[in-house]
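In C-alpha cells below, several structures.
Shared chain: chain A. Partners: chain B in the first complex, chain C in the second.
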Partner chain A sequence: MFEFISYMIPTTLRMGTPIAFTALGGVVSERSGVNNIGLEGIMTAGAFAAVVGSYYTGSPWVGILFAILTGILISAIHCVLTITVGAKQAVSSMALVLLAEGICGVGVEAFFGQSGSSAQVNNLPTTGFLASVPLIGGFLSHLSPFVYLGFIALILVTLLFKFTRFGFHITAVGENPTMAETCGINVHRVRYISVLASGLLGGLGGAMLSIGQMNLFQEGMVSGRGYLALGAVTMGRWNPLLSYGSAMIFGFFDALQLYLQTIPSNPIPSDFIQMIPYLAILIILAVTSRKMKYFGITSGGKPYTKYATEK
Partner chain B sequence: MAEYAIELKGITKRFPGVVANNNITFSVRKGEIHALAGENGAGKSTLMNILFGLLVPDEGQIIINGKEEKFSSPRDSNRAGIGMVHQHFMLIPKLSVMENVIIGQEPGTSLKIDRKKAVEEVQAISDKYELNIDVTKKVGELSVPEQQRVEIIKVLYRQADILIFDEPTAVLPPHLIDEFCDILLSLKEKGKTIIFISHKLAEVMKVSDHVTVIRRGEVIGTRAICDTSIDEITRMMVGHSVDTGRKSRADIKPGKEVLSIKDLHYTNVEGNEKLKGLDLSVHEGEIVGIAGVDGNGQEEMEKCILGLFKPDSGQILFNGEDMIGHTVKERRDMGLGYVAEDRQKESLVLQYSVAYNLILGQHYLPAYSKHGFWLKKDAINENAEKLAKDYDIRLANIQVAAGTLSGGNQQKIVIAREANNDPKLYVAIQPTRGLDIGASDSVQDTLIRLRNENKAVLLISMELDEILAVSDKIAVIFDGKIVAVVDAATADKESLGYLMLGSKKGGNE
Partner chain C sequence: MTISSKQKDILQQFLISFIAVLLSLIVGAVIILAMGYNPISAYGALIKGSMGSLVSLTMTLKTSVPLILAGLAVAVAFKSSAFNIGVEGQLMFGGLCAGLVGIYVPLPGPLHLAATILAGMLGGALIAFFPAILNSSCNVSVVISTIMLNYVVQFFVQYCVMGPFHGATSAPATDPLLASATLPNILPSPYQLNLGFILMILAVVLIYIYMNKTTKGYEMTAVGLNRTASEFSGINVKKNMFMALLISGAIAGLAGGIEISGSLKRMVNGFSSGYGFSGIPIALMARNNPFAIILTGFFFGMMRSGSFLMQATVGVSSDMVGIIQGLVVVFICLENLIRYYMNRRK
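So, the complex of A and B:
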C-alpha cells in the first residue's frame, strides 16, 4: 500500500500538472467570455516548440521560453479571428488544433529529419532543491520543476481573480460585455490579454509533456489532454483552485492506468487500461454537469461587437 | 456659470435606411427634471445613447455646462458628469451590489481592490440618498425595483451630475412608481440634473419641470409642465388625438369554460417553485387579463399551457380534456393559438418570407401541403395576400423576409397567423410590447374581435393599462398563484397595484 501511495502522489502531480496548466489557461480565457478549444493545439505546439528550443540551445529553459511564446502566438491568431473579426469561436479553435498538429508534424521532419518523433533533447530534470526538507524531502526531490511552476501559476491566477482590478474586469467582460464597456472597460483589450494568457499557460502545459515528462516530441503525444483541461475547467466551475484540482483528478486516473500497466501478469489488455482517464472524465462530467448551466459564464462564447461601431 | 446643463444643437444620426435623429435641438436647465417623451422608435434612445457616448452623431454639437464636448465612449461622457440608468439593467447578477457599482472605477491599487473601502463608499451613497440597499448582497437576490436603485447608486458613484433615466418606470409596478418619483425629486433636491425618458405621461406630468416631445426623430416642441396637459403632449407624440381607456366590445355573455387550470405546481431547474397551486379559468367570449409584476409565474404558467414546461402536478383542462401529456403540436391541433412573448425568437423565422411565416406551425395542414409533404405555394401565397390585407401588414410584397419588416408589422404577422387557424383559446403574451400606439391599437382590436367571435382569450401583459383596456376579467398573479379575479370594468388601478405586490387591498407593506 505504501508503495502504491508513494508511486501515485508524484505520478499524479506529474501527469496532472500539464492538464492543470492548460486548465488554468482555460479558466482565464473562458472567464473573459472566449472559449478556447484550441488549447489542445496550443499544447501540441508548446510541446514541439519546447523540444526545438532545447535542441538548438541545449537549455530546456530556453525550450520553455519557446513554448510560452508559441502558445501566445497561436492564441493571438485565435484573438484576431474571434475577438476582432468576430468569427465563431468553436470553428476558429478547431482550425487552430488542426493547424498546430499539422505544423508540428511537418516540423518534426523539417527540424529533425525523421517522422513521428523528434530527436532526444535535454529535458528539465527533477529538482532536488527541496530534498533537505525533513520527512518528505526524498519524495519532493522526485518532482519536476514544472510541478512547482504549476503551483505558482495556480497561486497567481487565484490572486488575479481574487484581488486584482484586471481579474475583476475579466469577470465583468465575460458576464456582461456591454455593461463593462459602459463602465469604461475596453472589452477587446481584456479579452485579448486573457486569451494570450491562456496561450501562455497552454504552452507551458505542452512543454511539460515533451521536456518535463519525456525528452522528445512525439506526434499525437497530447492526445486530448487539452480537451481534458477544458473538462477540468467546467468541472471546476471556472474557479482556478477547483479547476486545478479537477485536472489533478484526471492526473490521478492517468497515474492509475500507468500503475496498472506496471503490474506484471495483468490480464487486462493495456489498450483498455489506457482508456481509464478518458472514461473517468466522461463519467465525472456526466455526473457533475447537471447544474453547470447555473455556474456558467453568461456571455461565454459570444463575440462582442463594440456598441458604437455596431449601431 | 452656464444656465444650461445640456445643450443639444442640430444632432443628426443616420442608420442605413433611416434617419433616427434629425436636427435635434433642445436644452436642459441645471437642476431640473426634463422629460423626453415620444413613441417607441421616435428616436429617444438613440439620442440618449449619443449623449451617453455609446453612439457618435453624424452631425451636431453637444454642449455640457457651456463647454462643447465630443464623446466617443461612455468613459468620455462620464468624465463630463453624465450617467445613465439603462432600461435593461447593466448589472451582473452573480456579483454583489458593491462589485457592480465599482466596476471600472475600483478603489485601491490595480493589484488589490480595496473592498472594505468600496463597501463603505457604496453604502454611504445608498444611505445618503435613502435608497435602502444592502450593498453586500448579490444583485441576483434583489427585486427588480431594488436593482434599479443599484443602477442609480452606480451612476451616483461615478459622480454624475446629469442623470439620464431610460424608461425607468417600465419595470415598476404602479405602487412603486410613486416611490420612484420621490427618488427623482430627492435627486433633484440634491442638485442633480435629470433627463427622464418616458411615454407614460402621468409620471411625466408629476415630476418634470419641462417636457420635450420627439416624433419620428424630430423635436416637436418643448413645454413647461405647468403650461401643458396630457392631451397636448399625446397629440404632439402621435400627431393626432387618441382616445385612451377601455375598448368597446360586443355585449355577449361568456360561454362554456375553455381553459381550466387546477392547482398547478411547477418547479424550475434551479429548484425554485415558481407555480404554487395556480387556478385559472377562461370562458368562451371573454378576455382574461393576467396582471402581475414580471417574474411571478407568468412565464411558467404560459409555457405550461403551451407544453414547453412540464408541471409537477395539477391539471390543465382544455374543453374538459387534460392537456398535460400532449405535445405542443397536439395542443395546437386541439385549437390553441399562441402569441409568444418574443416575436423574433419564438414566433418568426426572420429569414423566411412573410408568406412562409404566415403558415409556420400550420404548414402541414392539408390547406397548405399535399400529403403533408409538398407545399402548396399558390395556397400559401393566397393566404398571405389575404392576411396581409385583413391585418394591414405593410410590406412591399409577401415574399420579402419577415426580418426586414418593422416590429409592429412583424407582430401583426404573428397575431394574424395564430388567429387564422380558428383557435378555441388564444393566448397572447405581451402582444404590444415595443409597438407604437397605432400598431398596439390594431393588435388590441384583434383580441377584442376574437372575443366577439366567441373565442376564449388569455392576455398576459406587464402593462396594467393594457390589461385594463382590453380584458373582461382580470386575474392577478402573485408568487405563483392567482390571488384575485376581478371584473375589469370596475377594477381600479391602485388596488390592483397592491394585489400585484401581494398585499391586501389598500394595506401598506
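So, the complex of A and C:
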C-alpha cells in the first residue's frame, strides 16, 4: 500500500500538471467568452517547439521559452479568427489542431531528418537541490520543476480573478460584452490578452510533455490531453482551483493506468488499461454535468464583432 | 435575366470556398519554398501523382470514397449543430465490425456482402450512440465525448486486431475477408474502383434528399440554424441532435466498412490515417452541401494520393497535405471578413 501511494503521488503530479497548465489557460480564455477546443493543437505545437529550442541551444530553459512563444503565436491565429473576424469558435480551434499536427509532422522531418519522432534533446532535470529539505526532501527532489511552475501558475491565475482589475474585466467581458464595452472596457483587447495567455499556458503544458516527462517529441504524443484539459475546465466550473483539481484527477487516472501496467503478469490486456483515463473522464463528466445548473460563460462561443452576421 | 438572392448566395459561398483554397495553396507554396523546394514542381507532382494517368485517377477516386463519406458524416452532424469530431473512431469501429462479419459470419452470396456493410454502419452508429445519449441525458459536450471515444476505440481495435482476431501472418491485421464479403470491382483489372464508389454516391443522394426534401431532415437543419426558434416551434432539439449523431455515425461506419471490404479486404490496425479528421475541412469547404462534398472530398483525395509522388520525386513531406488541410480551415474562418468586404463594395 505504501509503495502504491509513494508511486501514485509523484506520478499523478507528473501526469496531471501538463493537463493542469492547459486547463488554467482554458479557464482564462473561456472566462473571457472565447472557447478553444484547439488546446490540443497548442500543446502539440508547444511540445514540438520545446524540443526544437532545446536541440539548437542545448538548454531546456530556452526550449520552454520557445514553447511559450509558439503557444502564443498559434493562439494568435485563434484570436484573429474568432475575436476580430467572428468565425465559429469550434471550427477555428479545429484549424489550430490540424495546423499544429501538420506543421509538427513536416517540422520533424525538416529539423531532424527523420519522421515520427525527433532526436533526443536535453530535458529539464528534476529539482535535485531540494533533497536537503528535511523529511520530504527525497520526495521533492524527484519532481520536475514544471510541477512547481504549475503551482505558481495556479496561484497567479487565482489571484488574477480574485483581486486584479484585469481579472474582473475578463469576467465582465465574458458575461456581457455589450455592457462591458459600455462601461469603457475594450472587449477585443481583453479577449486577445486572455486567449494569448491561454496559448502561453498551453505551450507550457506541451513543453512539460516533451522536455519534462521525456526528452524528445513524438507525433501524437499529446494523445488527447488538450481535450482532457477542456473537460477539466468544464468539470471545474471555470474556477482555476477546481479546474486544476480536475486536471489532477485525470492525472491520477493516467498514473493509475501506468501503475497497472507495471504489475507483472497482469491478466487485463494493456490496451484496456490504457483506455482508463479516457473512460474515466466520460463517466466523471456524465455524472457531474447531469446536475449542473451553471451552464458556463454567458457569452461563451458567441462572436462580438461587426463582421459576424449571426449572433 | 436577374439572379435570385438564393443563387447569389450560393455563388458567393462558392467564391469564398474557392478563395480559401487558393489562399491555402499559396501559403502552402510559401512554406514549401521556405523549406528549400520548388513549389511548382511539388504541386506538379501532386497533380501528376493523382491524375497523371487513368490508373492513378481511379486510385484517387478510390481514396476519395472514405474521405467523401467522412465529410458527409461531419456535415450531417454539423447541420444540426452537433460537432462530431469522433468520425475517426466511428469509422474505425465500423471497419472492425464489417471485418469481423466478413470473416466469421458466412452467409450465402450477396447476403454476406450486405451484412458486412450493414455491420459497418451499425458499428459506427453504436459508437456515435454513446456521445448522443451522454449529450441528451447528461449534458456532456459532444466535442469532448466524441474525441474521448476516438481513443477508447483506437485501443479497443488495437486489442481486437492484435489479440483474439489476429491473422495468420505477422502483419498487424486479421485474416482476409471471405470472398463473398468483399466489394467487387466495377472497372476492369488495372483500374481499381469498387462498388463502394456507387454506395458512396447513393449515400450522398439519400442524405441530400433526407436533409432537403423530408420533414424530419428539415427539422434537423432547423435545429442547427436556430436552436431557440426551433424549440419554440415545437421541435425536439435534443432528439434531433441525437438522430443526427446516429446518422453521422452510421455514415462514418459505412466509410470504414467500404474501406475494409473494398480496398484492404482485411481488417488492419490503424487503417484510417485521419480520414475522420479530414472530414472536417471537407464538410466546411462544401458548406455541408452533400453534392459539393463530392468535389471537396475528391480534392482532398487528390492531395492524399498525389502526396506520395510529391515526397518521392520532389522530397516535400507528405505531411504537407496536413498543413494545407489546416490552412483551408483557417481561411474558411475568414468567411465573415470576405463576405463583409464583398457586400460593402456594392
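Quick notes
By definition in this document, the second predicted complex is superposed on the first by the 301 of 311 C-alpha atoms of A that agree within 3 Å, B and C clash if a C-alpha of one lies under 4 Å from a C-alpha of the other, contacts with A are read in each partner's own complex, and residues count from 1 in each chain.
Here is the rule we use: contacts are C-beta pairs under 8 Å (C-beta built on N, C-alpha and C of every residue); 3 or more make two chains touch, one makes a residue touch a chain.
Bear in mind the structure is a predicted one, so any value in this text is a computation, not a measurement.
Looking at the shared chain after the overlay, A:37 reaches chain C, while chain B stays out of its contact range. Ranked by how many residues of chain A each touches, chain B and chain C are led by C.
By the touch criterion defined above, A:129 reaches neither chain B nor chain C. When the two structures are aligned on the shared chain, A:179 is found in touch with chain B, with no touch to chain C. By the touch criterion defined above, A:165 lies against chain B but remains apart from chain C after alignment on the C-alpha atoms of chain A.
Across the two superposed structures, the residue set of chain A contacted by chain B and also by chain C is 307-308. Those residues of chain A that touch chain B in the shared complex are 163-166, 168-169, 171-172, 175-176, 178-185, 291, 293-294, 298, 307-308, 311. Touching chain A in their complex are the following residues of chain C: 31, 35, 83, 85, 130, 134, 137-141, 143-145, 147-152, 155-156, 158-159, 162-163, 277, 280-281, 284, 317, 319-327, 329-330, 332-337, 339-340.
Considering their complex, residues 15, 49, 52-56, 72-75, 78, 84, 86, 90-92, 94-95, 99, 103-106, 108-113, 269-270 of chain B touch chain A. For chain A in complex with chain C, the residues that touch the partner chain are 37, 77, 81-82, 85-88, 90-92, 94-103, 105-106, 109-110, 115, 223-224, 227, 230-231, 234, 269, 271-272, 274-275, 278-279, 281-282, 285-287, 289-290, 292, 303, 305-309.
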